[in-house]
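Paired with subunit B in one complex and with subunit C in the other, subunit A is shared by the two complexes that follow.
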Partner chain A sequence: MEFTTLSIAESLFLLPMTALFLTACIPITLKVLNKNIEPSNRLTLSIATVGIIVVAVLTKLQGLNPSPLFFGALIFDKMAQEINHTVLAITLFTLFLSYSNVNTKEHTLAEHVFLVLSSATGMMTLASSTDLMVTFVGLELMSIALYVLIALGHEQRFSKEAAFKYFILGSFASAIFLFGVSFIFGVSGTTQMHVIANSAQSLLTNNNLFIIGVGMIIIGIGFKVSLFPFHAWTPDVYQGAPTPVSAFMATGVKLVMFAAFIRLAMDNFFNGSTKLNLIMQILAVLTMFAGNISALVQENVKRIVAYSSVAHAGYMFIGIIAASQASSLDAATATLFYVIIYAVMNMGAFAVISIFERQNRDGLNINNYAGIGFKKPFLGAALSIFMLSLAGMPPMVGFIGKFYVFSSAIQEGYLWLTIFGVLNSLVSAYYYLRVVVIMYMKEPSDEEIKTPGAWPAKAVVAITAVLTIIFGIMSQAIYRPSEKSVTKISQK
Partner chain B sequence: MTDKFLIATMLLSPLIGFLINGLLVNYNNKSYLRSGIVATVAAAISFLAAATLFLKLLGVSAPEVVKAHFFEWINVGQFKANAAFVVDHISGIMILIITGVGTLIHLYSIGYMSHDEKPAKYFSYLNLFLFNMLILVLGDNLLLLFVGWEGVGLCSYLLIGFWFTDSEKAKAGMKAFVVNRIGDAGFILGLFLIFILFKTVEFEELAKLTYAPELGWGLLTFATMFLFIGATGKSAQIPLYVWLPDAMAGPTPVSALIHAATMVTAGVYMIVRLNFMFMATPNTMMLIATIGALTAVFAASIGLFQNDIKKILAYSTVSQLGYMFLGVGVGAFKAGMFHLMTHAFFKALMFLGAGSVIHGMHEEQDVRKMGGLSKKMPITYLTFLFGWLAIIGTPLFSGFFSKDEILWKTFASPMGSKFLWFLGVLGAALTAFYMTRLMALTFWGKSRVDKSVHVHESPIVMTLPLVILAVLSLIGGWVGIPEVIGHIFSIPNGWEHWLSKQVVDAAAHGSHLEEWLTMATSVILAGCSAYCAYFIYTKKADALEKLKNQYGKIYNIISNKYYIDELYQKTIVVPLVLLSKWFWSFVDVKIVDRTTYLLADIVRGAGSSLRLMVNGNVQQYALYIVAGMVAVLVVILTR
Partner chain C sequence: MILSLVTFLPLVVGLVLLFFKSDKFVKIAALLLAVAEFVLSLALLKNFDSTTASLQFVEKYDWIPQFGISYFIGLDGISLWLILLTTFLTPIIVLASWNAIDKKIKAFHAALFILQTAMLGAFVAIDSVLFFVFWELMLVPMFLLVGIWGGEKRIYAAYKFFIYTMVGSIFMLVAIITLMAMAKTQLGVMSASLLDFYKLQIPLQAQHLMFLAFALAFAIKVPIFPLHTWLPDAHVQAPTPGSVILAGVLLKLGTYGFIRFAIPLFPLAVEYFSIYFIILGVFGIIYGALVAMVQPDMKKLVAYSSVSHLGYCVLGIFALNTEGVTGSLYQMLNHGISTGALFLLVGMIYERTHSREIANYGGLAKVMPLFAIFFFITTLSSIAVPGTNGFVGEFLILLGAFKANKIAAALAATGMVLGAVYMLWMYKRIFFGLPGKLLTGHHELKDLNKREVMVLVPLMILIFVMGIFPNLFLDKTKASIEGFLKNNNQMQVSLNK
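After this line comes the complex of A and B, so read on.
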């Protein structure tokens, strides 16, 4: 490794992340300075909003640098920028939900904001990481904040238990990830992904230790994105966590972890070993089936969405498999597209759930949604849009996403994976539609539903609903940027 | 006016109608007149645009096709699909049917839905349906067709479950949706296969290619087979027909528009659109023809003993769709399209007539409680009479020409066979029987109407569409008079000529004498069958009872629809639910309850803190991770 000093210009690239972390500290600092009295929720949210927007602008303004900086640890390319912007949007939406959600709003919002923004800092690190160790650091930064966030729920039992589960299992998965990195370092002598990329293909064909290392990395990341059989925590934790935090995890964590997958795939990590490829295919198929079939009989809306997110991880993983073989740019783009639009529609679904949630986790049973389509036409229509989009109905964007992923898989020759994918999306239609049916075709109860002060969450619903349709019709609008952003770093 | 403007008008006008009724009007507003007029005007504007476009195609310096390219919709890798729409000789006919019949049904709905709680919602769905249906037939590529395909399915589902208060109806909607999704999965797989084979899904590009007939089981055969699975879902053919009879839970005009005239024919349209490709796969064609013929007979036989007026018509629709598939399956695409059009007229007419009866009888649908309505509802009766004459194949009526064309081609085409023709004729005889039974029980004979029900004729907004459709049911077939009759009066067969630019039929061989004979056979058989039904149901009701007692078992099986629903429930739905419960309880909750205690020591090594948990789930989950990891490592390390 060359020892060069960091130039100032190079250091400036860290500005957005630093700014985000500083923003995170403001509300909590105000609280400490003000004799432990919280700043008002409105002030906290305003500070965070301004901070996030500033960070987004900084991310745009700082421009791009197509080769890794900081001694090959971080890259600030178009893909990182696109993911960072999505992460920031997700973070902002999450805070909007937290501000409106009954279980988070009357309770330590300053700490909540601190933790969400810290976690988002970890996500931004992950989006830029080109070094397995930095990936690990980003992953832990993101996760540790999440462990606390989950436990921060208003009432005690569920969220503490969920936090504990996620913590124990998450640490376990992180350890496996780290273990895998050690194998890779031992074999290749470096942890920089774009350096390993040059030798990865030959190592994968003849070095079992390297394959084991890669396999463990897949397990570590697979845990976070809930691939089968590392998915079992997902429904419990999503159900137990405060709804805005579940939304944050289902969208943000999935986004950046799949971004890490994409970077690995582009750096040849999965290219060359037929056995590894076979394992990945089996994981993808089992993940889709486990998610979709388990979701069929769930009664809790959050569990339905949780299992659905397991299934979607399977669809996305098909994209990763397609991207890995020939490092196909099309497939990588399709996957990135899918992860982003999944974040949009899933955030919307969680937003609606969050609005209808009541004290002490009430109002989350699917039967609580009876007749909501008529009592709350706007929210009912929006949730229908999200559900149909998740089910893959055209012209909603969920269809386009699936279509891109499946057609790229077909172009890479994975016909059977595609058939399994199509069959799965067929099964999934049932439980998504069930929600719509209950909203519109069951007699509403006489109970009145009040959603006071939920305008920020409603704004989130409106924005995501419109995007779900617009992106479906004008899919090129985000496909094109994604296409430009996915590149092979190693070739430069 | 430019083509693009016309096409945009035709497409967007129903969409705007949908937005007005769907977003601007309060859901609880009961002003059926206002929302009805908005929706009907939107449909009528669309019809005018469609008619103008059609006239362009008819004109002297007629273009082959009228195209409008709006924007690039999908462009990923080699896959390209534009938001572009094409009006050609096939879709030209479809848009006329969709917007024409559609407008009439919108108009009719104003009367029919006048007592409804949420007319604005109803009309907005109806307009949305028109929009999607137009996308389906106008799309210039398979993917855009699929968008419309899914869209009409969604609207159909929404409209079936429209009266949500009845949980049966909601279930029917759900059933329709899920069964259709099975077909859709087939469709999308077919689309992918076509893309693998030809690297394009645009109809124009596909039509330019040459297809070597694929005699065995190659990819192309599978592709067309998958597409046909899609068609069986949407067009209610064996084995996926089960949703259509249940779909009758929706408002009757919906049954007329969606479940008779337009949406259910989408499968036929798709096959005609890709006729060049299907012609190259004889195995698929044979399957289509066989399924079509079987469906035609099977559904007609179920129709024999149904008592719900709408259910009879529903099975009749399934049966008639079977004829269309029989037609396209033997390579008589033009005849299939022809029957699609005439069927749209007479079946929409009969559904609307049934709606008028139901409306006049105050929501009574059981034919056993009707009878003698011809005097009380004269217009409905007379128009229904036209529909009846058309469907049983009375010479000169539209249904006669189209059905006869299909049967003759089945007889004469090298892809058809005498056996399929026999099934077709048998189906025609059954059709004549159950339709006559329907007429006899509803309109003829003595009134069995409950005294408390005051029967009245429907208002003019409802009877006017009936009259127009009745006229079309008579004259609609005259555009395609077969050559064997036409050459006597020197009337050319306009239909054949019109479609020949885009559709190539299999060549049929047969003498005029044979054609006359087959025609006579089906007409005479149908006539006898109709007379039997008339005789039994108006004169000899007790003879029927005797027969019922004698053949009780067969009667029971048929009137219970061969227990197909129950079969599906037992073999598919129940196992799936059980599997789901198993996955959930076994894989996610219970699996390790026992094994954990044996293996938990491995995990406990990670720290005794795990024991603090109230339930054992964490250990199990950790165990999964370990097990998963071990499995992965085992696969990696074993060669």
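After this line comes the complex of A and C, so read on.
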């Protein structure tokens, strides 16, 4: 389908995003109409759940369109669809957690739902974007909702501090991203990624302005996925934000931002400059070390998971580096696989943390987990599964993900990067095991642990734990679709 | 089908047992199912064709086809006995832990059975990635066994075990991936099958590096001096069942890995490095024996004797001749049985007195005659007295070693003397002489009860059967070992040209 002017058929592709945004508005409108009296949490959650399912079905029904629409701004290909479905699942799980979490469930769930779904709309935009400006719009749409979400926790000090920190630094990063786009526009005369793809390789070899532009884009996206040295906000913000929001950021934001990285890699943005390539390799290695080594000494579980998410950004970035060399489809598939399965297991880990969280950020210290493995066998086993999967132990899916990324890196000739990667796995094993050790091998406190009304969060734990194992054994279930979805748009 | 059944039955049992309430029922069910598993594995022995070196009971299904990874398992004469050793020891361990494990009984059995599946899987896997999956799967249950049911410094020991093993395995993973990438360039398709790896023409330098990567993983597991330091900690802190399984089977995966992976894959590297491994093996024999001699703690003494015994295995393997490799394989089984029995015996006395200090004992033979007899038989086996299984293994290894390197063999032979010194000296101090501190005190020591006798008798029978009729066992392995050596020589010759 080629469109010269905007037609109705073309506009229909926006239906899912629109529907998601409309869903976002329902609970909060109800609240306003009802003189600011909150609709019941159950009603809010039901509306959102139905809305998300409808949007997921719409995304599936609208079919695919392999070339960019809206004058080259958005694409609705298989990758966009796969990512959108994952984003929707993440959003649904996040809301399940919000429904049960002490920090979000009481007064402001309607606002919370509105913001999460708006942010998800931004994520869907990002997944489809083929234009750097649209990427920027999606990024801001996603982020601005997040700034408010972080501040929305009932707990006062940390949450506000985190929101402010993320807002200031995030604005900087967005500005740098935009600055980079202007460089690229200045050199190539367009902001459409698939058009730039044709000349990117030669520009990267002989045009320094273009390299600077690409570098700034890496900084902008790298901030959101917490690459070293733009990762410093991660632990503070993950710790300060309400746990469901941390989960949403660690899974959703990483997913779509790495999708953007994959699209850039497929469009030759990182292919051609050895200098840029070297810098990216250094970033990947430093990111892994920064995340893993800092995680070793943390006492707060949310900070442990936050630093682990920094480290995982490093592993994923190895995949991006491998994919950028000659735009390797295998490596891109491996990266996409890794990002998706990372979302599954990390969501599970946050879900368990969210269940154990108490009023006034109690219950987040790692020593609060002493003896939980035998007191709460189901949650303990699930958290062990997530931790071991994050550490890359077979037969959990985390191992398969690392295996794919590392083997694609070796095939593209990045043996050293892989060795750094496996060394980091070794370092990380210590702090993931530490959680298991405390849960199973330390004497429990006498305090009874109650988890009332947490069934939606427990459902999330159960689903993600089962998926973590099933995808580990049957990784084809994700690899095959991912393999089909990663394509080079420019060659069509 | 039967091989998969044998491999995965324990896993299913372990997971199902978690859902039962009654501890007593779990124990009985675990024992019966472990025996059933052993009987099932005997079917493998019965249907095993000992005339061929090729793989038997092969099952192959695609697992991750785009990477050429398959669910590919099979059995030959080398892995056959190790599998039987595993299934044989499990019911004994379950029975031995009847009273020794007094908390979290369900979780204990689950960990034990999952560990059993992981070990069996590692022995039967022919696909390298599948092997790696099972290899890593062993870590977590063993980590839990040491960390939850272990002694005072159990958490430290558990970490040490885990991290040491992982250091080795991560480099092995890199080597496996590199081999897979090589398969893609040389054979046209990516493959993780060991049989495809055997066909590769690997350049010399790559052989050296990858051999070292594999060897590191296996050497830590064996353990070869100087990578052995995790073993005494793990053994001393682990509960008796954990020690038995660690010494009995887990360590064998290291030596098995050399035979299955490191040596046949990289013949040129082996040619270059084998002398170093012979030196390390001999050093381990003597060093382990000397350190064992001065240990005040029985369990630590047995742990260091493991280092010494496994030095023999390494020496035999790197002698690279029929006698050496056969002896080495035999020694693996011997060590599983005699050291397993020693750990069980130490555990039994520890249950009664809560002390493992040798100096606290003395004159025990009078108080616990039955115990003294079992301990004596095991000691004889451990120091390789003719007529016991230990003799056959060590004799074959020394025979092989003489062919390969006379000095190494001569030095290794001194290890046999040292072995007699530390074992008999310990025996003397515990069982003879004046009653020790613990016996003059208040409590009466009871001799072994029926359950404990039942635990030990099968092991004692095997000690003599294996010592007197070694051919019962060696016949099955002959073809496979000759095949292994022939391939290796051919590959060295063809690559050297």
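As a convention for this text, the second predicted complex is superposed on the first by the 488 of 492 C-alpha atoms of A that agree within 3 Å, B and C clash if a C-alpha of one lies under 4 Å from a C-alpha of the other, contacts with A are read in each partner's own complex, and residues count from 1 in each chain.
We adopt the following convention: a contact is a pair of C-beta atoms (placed from the backbone, for glycine too) under 8 Å apart; a residue touches a chain by one contact, two chains touch by 3 or more.
Here the structure is a predicted model, which is why all the values come from computation and not from measurement.
Engineer: Just subunit B (first), just subunit C (second), both, or neither: which does A:279 touch?
Structural biologist: first
Engineer: Figure out whether A:464 sits in contact with subunit B (first) or subunit C (second), or with both, or with neither.
Structural biologist: The answer is neither, since A:464 touches no partner chain.
Engineer: For A:293, using the defined touch cut-off, is the partner it touches subunit B, subunit C, both, or neither? Pick first, second, both or neither.
Structural biologist: The first partner, subunit B, only.
Engineer: On the A-aligned overlay, A:389 touches which partner chain: subunit B = first, subunit C = second, or both, or neither?
Structural biologist: neither
Engineer: Have a look at where A:441 lands relative to subunit B and subunit C in the superposition and call it first, second, both or neither.
Structural biologist: both
Engineer: Please indicate which partner A:212 is in contact with in the superposed arrangement: first for subunit B, second for subunit C, both, or neither.
Structural biologist: Touch status of A:212: first partner only.
Engineer: Which holds for A:81: it touches subunit B only (first), subunit C only (second), both, or neither?
Structural biologist: In the superposed model, A:81 contacts neither subunit B nor subunit C.
Engineer: Based on the A-chain superposition described above, do subunit B and subunit C contact any of the same residues on subunit A, and if so which?
Structural biologist: After superposing on chain A, subunit A residues 374, 388, 393-395, 399-400, 403-404, 406-407, 410-411, 415, 418-419, 422-423, 425-426, 429-430, 433, 437, 440-441, 475-476, 479, 483 contact both subunit B and subunit C.
Engineer: Using the touch rule from the top, collect the residues of subunit B that touch subunit A in their complex.
Structural biologist: 27, 71-79, 83, 143, 146-147, 150-151, 154, 161, 164-165, 167, 169-170, 173-174, 177-178, 181-182, 184-185, 188-189, 192, 195-196, 576-577, 579-581, 583-584, 587-588, 606-607, 609-610, 612-614, 617-618, 620-622, 624-625, 627-629, 632-633, 635-637
Engineer: For subunit A, which residues are in contact with subunit B within the complex?
Structural biologist: Listed in rising order, the residues of subunit A that touch subunit B are 161, 164-165, 168-169, 172-173, 176, 208, 211-212, 215-216, 218-219, 223, 228-230, 232-233, 235-236, 275-276, 278-279, 290, 293-298, 330, 333-334, 374, 377, 388, 393-395, 399-400, 403-404, 406-408, 410-411, 415, 418-419, 422-423, 425-427, 429-430, 433-434, 437, 440-443, 473-476, 479, 483.
Engineer: Can you tell me which positions in subunit C touch subunit A when the two form their complex?
Structural biologist: Residue positions touching the partner: 64-67, 104, 107, 129, 132-133, 136-137, 139-140, 143-144, 147-148, 154-155, 158-159, 162-163, 166-167, 170-171, 173-174, 177-178, 180-181, 184.
Engineer: Which of the residues in subunit A come into contact with subunit C in the complex?
Structural biologist: So the residues of subunit A in touch with subunit C come to 374, 388, 393-395, 399-400, 403-404, 406-407, 410-411, 415, 418-419, 422-423, 425-426, 429-430, 433, 436-437, 440-441, 475-476, 479, 483.
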